[in-house]
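We just call them A, B, C and D in the order they show up, numbering each chain from 1.
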Amino acid sequence: MVEVHLWSGLRSLTGGQQVVEVKAKTTGELLRALVHAHPQLQAPIDAGVSIAIDGRVIATGLTEPIPEGSEVYLMQRLRGG
Amino acid sequence: MSKLHVSTTVNGDAVEYLCDPRETLLDCLRDKLNLTGAKEGCGTGDCGACSVTVDGRLVCSCLMLGVEAEGKQIATVEGIAEGDVLHPLQQKMIEYAALQCGICTPGILVAAKSLLEKNPNPTEEETRYWLAGNLCRCTGYDKIIRAVMDTAAELREAS
Amino acid sequence: MALDDRKSDFTFVGTRPNRPDGLDKVTGRAKFGADISAPGMLHGAVLRSPHAHARIVKIDTSKAEAHKDVKAVVTRADFAEVPFKPGLEGEFWNVLENVMAGEKALYDGHAVAAIAASSALAARDALKLIEVEYDVLSHVTDVDKAMAPDAPVIREGAADYSVPEGMHPNVVRYHESGHGDVEAGFSEADLVTEDSFVTEATHQGYIEPHACLGMLGNDGKGELWCTTQGHWIAQKTCAALLGIETSQLRVTASEIGGGFGGKTTVFIEPVALALSRKANRPVKIVMTRSEVFRATGPTSSASMDIKIGMKKDGTITAAQGVFRLQGGAFPGAPGDMTAMCAFAPYNLTNVKQIGYDVMSNRPKQAAYRAPGAPMGAFAVESVIDELCNKLGLDPVDVRLKNAAHEGTKASYGPTYERIGLVETLEAAKAHPHYTAPLKPGQGRGISCGFWFNHGGETSVSLALSEDGSAQLMVGTPDIGGSRASMALMAAEVLGIPYENIRVTVADTASLGYNDVSHGSRVTYASGLATIKAAKHAVERLCERAATKWGIPTDAVKWEDGCAVPSGPNAGDFDPMPLADITADMGSTGGPISGHFEATPEGAGVSFGTHIVDAEVDPETGKTCVTRYTVIQDAGKAIHPTYVEGQYQGGAAQGIGWALNEEYVYGEDGRLQNSIFLDYRIPVASDLPMIDTVIVEVPNPGHPFGVRGVGETGIVPPLAAIANAVSNAAGVRMKQLPMSPPRILAALKGNG
Amino acid sequence: MNYHSPASFAEASALAANATGITRFLAGGTDVLVQLRSELVTPDTLIDIKKINGVHDITRNADGSWTLGVATTGAEMSEHPELGKDWPGVVEAMDLIGSTQVQGRATLTGNLCNGSPAADSVPAMVAAGVTVTVTGPDGMREVAVEDIPTGPGKTSLTKGEVVSAVNIPARGDNAGDAYLRFIPRTEMDIAVVGVGVDLRLDGDTITEARVALGAVAPTVLLVEDCAKAILGSTLDDAALDALAAAASAACNPIDDKRGTIEFRTEVAGVLAKRAAKIAYARAKGENA
């Protein structure tokens, strides 16, 4: 199981939960599992998210492995100049 | 609106073109003579990317009409190197990495060459003020000023 | 990305060779966007709205179409139907609506029609023949006013899921994040300071206006030459907007005369293609400077509220920020980025940040170097400076005390990997600038800054030639000397001299997809891809050597440009240089190439600390920056001179933003200062030399340790200069730019 | 647009008198071309006066006065070995306009006839008592510089009239001039406030004074009250304060993208003091 930390703005979509526990081995699985657990998270995920695994920001990749026990944060998609 | 015939000299070559009286010297250099070294960054004389010399005088070619070039001696960035030998300013600009994107570089080179011809030993302040009409957005000017001043020093030593 | 064989010992990397495009650029022969023509070429010009907000009742193009010099006229009807979606999901619709207005003109300068004619003058003249009937609507250009209940609505339905109920329809995205309990934190503080800050919109100010040459036939096949930071995104977007297949449009990037984020999207490119399709001839469009200011993508303007609590020893107990960013008539203002970056340099127990993306009647904002981050840093670092002043604490010590480091929980959530903020602060403290005496009337300011950096989709291909030279094709336009950096990294892996590698920015038909040159990603991502592509080629080279020697491939390794037996048991063979292997490669298995395609994830965040001295004339409010030092973590500087150049350029742009650059809108909603005379970027005589210190704390996500360096350099200057000016003037400056009238007014208000 | 390059001012005047629509004279062109490019003003007739004999000449007359050809550029003025010794304020004011490149083209005449209240050379010329010779269909007349501009972009020149020479008075003894302007950057900006001062002394006492303000009213102002504030004084602190107050009081500026009413009013006083000090030092023969 992976504990996914959401940004606080998403609490309104998860019934107040800021940490959601899901089963996932990759970033793509994680996003699917999040939507399964909380369908309203589809909107922010469609709008674009990044995932930080142990501090390393995965900007867009859906195939990055999530090692057991990693710290996982959902973040808004990063954009640059 | 009829076009006007102009005979002039660019980088030592006699050239002719027909132009609308509204066209600038910059338009004529770029579009009629295919000398695209001078750039249009603003069209209002505020950026210096179109710098050329006319009878030895540094000007913005966007602030001069093509018809005014009749009988003049124009010099552009394309004429700075002699054959395959770069002018020391060109060499130093490369060595100092005094350009990033390079769009202002032709104007800077024409302006700096004009400075060194008038003042072989400029101070940093004189160099900065002389080049104040040449906008560079990439470098913060640091490496440009160093390249120009080092060229000046080298040319003084050589002479 | 596997972090295999990290390298820390370099032969070529870290040297400072001349750039490969230097000769072209000092002789005037480098081809920028406007420097190309085609046989039969027409010239395009764009008709733009003189109104900030107006319904387009009718466009009559008949007189223009009847003119003998006019070969095509286009309006919105000549583009594809693209679905509208809220927020950033409908970005193709947003871009199309920006490229050519639909039902409404949304800002002064918004394109409403375009013409292709036989000459540039004829095209401009013919614009006057197009008759547009407008129904002028009330407008709003200020972010706070755009959020007010009575503000005119720019577009219903543009808000995405994130916006709380009850907000004005102009608020289109909302971000909230943080951790801990800020109220509890404030109650632990010895001093709490709360203040509001404003920054005006600025422009990237690249010296080269947008320019392109497009050719499109009614068979759906096209060619586009343009000045861009990313030709694949131009390809993808133009194809979508014109309703053609992406692969049928080949896009070639010209040399680019500056971008800084502003050339990451399209403006005139789809218009040139639409005109070309209609006229069946190539069409060139070159923007005027005024068009660049009015109708490309400036930054957001911002209004911000900051509250920070501090103990007497300098410990920050809580920090809170609200960041309202206006990004023009479309979603996209990076309020979320501002919020996430604002407190990122600090190790905070209690932090909360809120960001708003607000629409107004201004041009669609585009990225500008670390988009969103400089504004937030200005507000936050100003309050920290004020707290230091009030508590009598040294500003570097306070920042060191609170600095984020490896293991710190970032203000935006996750735990930091190895980062270099502390190193930049220690370097600042040790730098002679920090302790140099100040003259009367001068003040010193410091600030930290943070930026995420980016990886992004990347494709690189490397081909070896028979003579042992290499050609490297990358897909990221070179905006600051990256061809030199790529060649250095390839040289490092191949073990052949830098000069033997020719780097080309390939067109979209020659390479797989590449993201834009943005997010400080080029040296990181294209660099990583170059290293991997070169390693791929090295594997092939080792295979050929193994075959020639008759030993297993894994018994061969690559050293200093030669295949060598991997150990004494592998056999006794003389090193085989690269050129010996390539010489007959055609008959030993065929051409040898290497390539790499991936989306590298692991860009590595970066931090900088800046020190500024400023002198303020108390009678006129005029500021002079007298000394400037940039200290920033580069991870590993591949070409240190170009790293310095990025630092200096970022600082110079920051100085402009802090002191004089701003978009000035009149009561009529029209831009008042759309020329370089009145949009005041720094000139050579405005600036001192800009000192640089390159800190190198390797990025664990790159084989050579690279962190992007392009953007972070513009994050600290606004705050550092504001702190210097405030300390020199004796009054806290809360609005940028700190133009002389604002400083003088602040001084008078204080006196 | 029709382009003409007449060989004499009489011919230029006749061309202008007979032209229809908008007519512009082309001297340095640094304003005309900007207006043309931005389509603010597209003349129907453009008369280039640079082919007329003598238009680049800088002549010192027998009485010590100066006559400048109308196409004399800022660069030519700055490079002249003597002109700047007599009239440093006028030469420096001209030199402040635009970049080195613009200096290669821009002229006093163009700066004056463009009619901008912020024109740098105009307050300096007004303070110095410069006049221009105007050639028109009815012959020539001499007009004080302050009487040429009548409002932003407007002049008192009538149809067919063209400025044909710039006349700078003889410097005379114990006198000096100065011009200062305020801009936010160090170069390349339009003046937010400009102040020209010309003084003559008897010993330490000011006996003649002319003070002109730019960019603080629809036209450049010659301010009598500023002169009165310092006449008879040795430019002591009280006189300087009175000068600043008079300068600020004379201001009738606008709020615009370049500055506010408050800022312009305040800084006009500051610059008047600073410029007066320089002019005073120059009148005393000190290096300033």
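The working rule: contacts are C-beta pairs under 8 Å (C-beta built on N, C-alpha and C of every residue); 3 or more make two chains touch, one makes a residue touch a chain.
In this text, all values refer to a predicted model and were calculated from it rather than measured experimentally.
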* Chains in contact with chain B and with chain C: which ones? -> D
* Asked: Which chain pair racks up the highest number of C-beta contacts?
  -> B-C
* Which integer distance in Å separates the CA centroid of chain C from that of chain D? -> 44
* Rounded Å distance, chain A centre to chain B centre (Cα mean) -> 55
* Asked: Per the centroid of Cα atoms for each chain, what is the distance between chain B and chain D, given in Å?
  -> 29
* Centre-to-centre distance between chain D and chain A (centres being mean Cα positions), rounded to whole Å -> 67
* Multi-chain contact residues (two or more partners), chain C -> 260, 288, 675-677, 682-683, 685-686
* Asked: Mind pulling the chain B residues that touch 2 or more other chains?
  -> 22, 43-44, 46, 129, 131-134
* In the complex, go through chain C and note every residue touching chain D. => 124, 288, 290, 619-622, 659-660, 664, 672-673, 675-678, 680, 682-683, 685-686, 739-741, 744-745, 748
* Contacting residues of chain D [partner chain B, same complex] -> 1-3, 26, 28-30, 33-34, 36-38, 42, 46, 48, 50, 73, 75, 98-102, 104-105, 186-188
* Across the complex, what residues on chain B touch chain D? -> 1, 4, 21-22, 24, 43-46, 48, 51, 54, 57-60, 62-65, 67-68, 111, 114-115, 129-134
* Structure fact -> Contacts from chain C onto chain A in the complex sit at residues 87-89, 160-162, 164, 173-178, 260-261, 264, 334, 336-337, 340, 352, 366-371, 410, 412-417, 452-457, 518-521, 599, 601-603, 605, 700-701, 711
* Footprint of chain C on chain B - complex, ascending -> 20, 22-23, 27, 30-31, 35-44, 46-47, 49, 76-78, 80-81, 86, 90, 93-97, 99-106, 109, 125, 127-129, 131-146
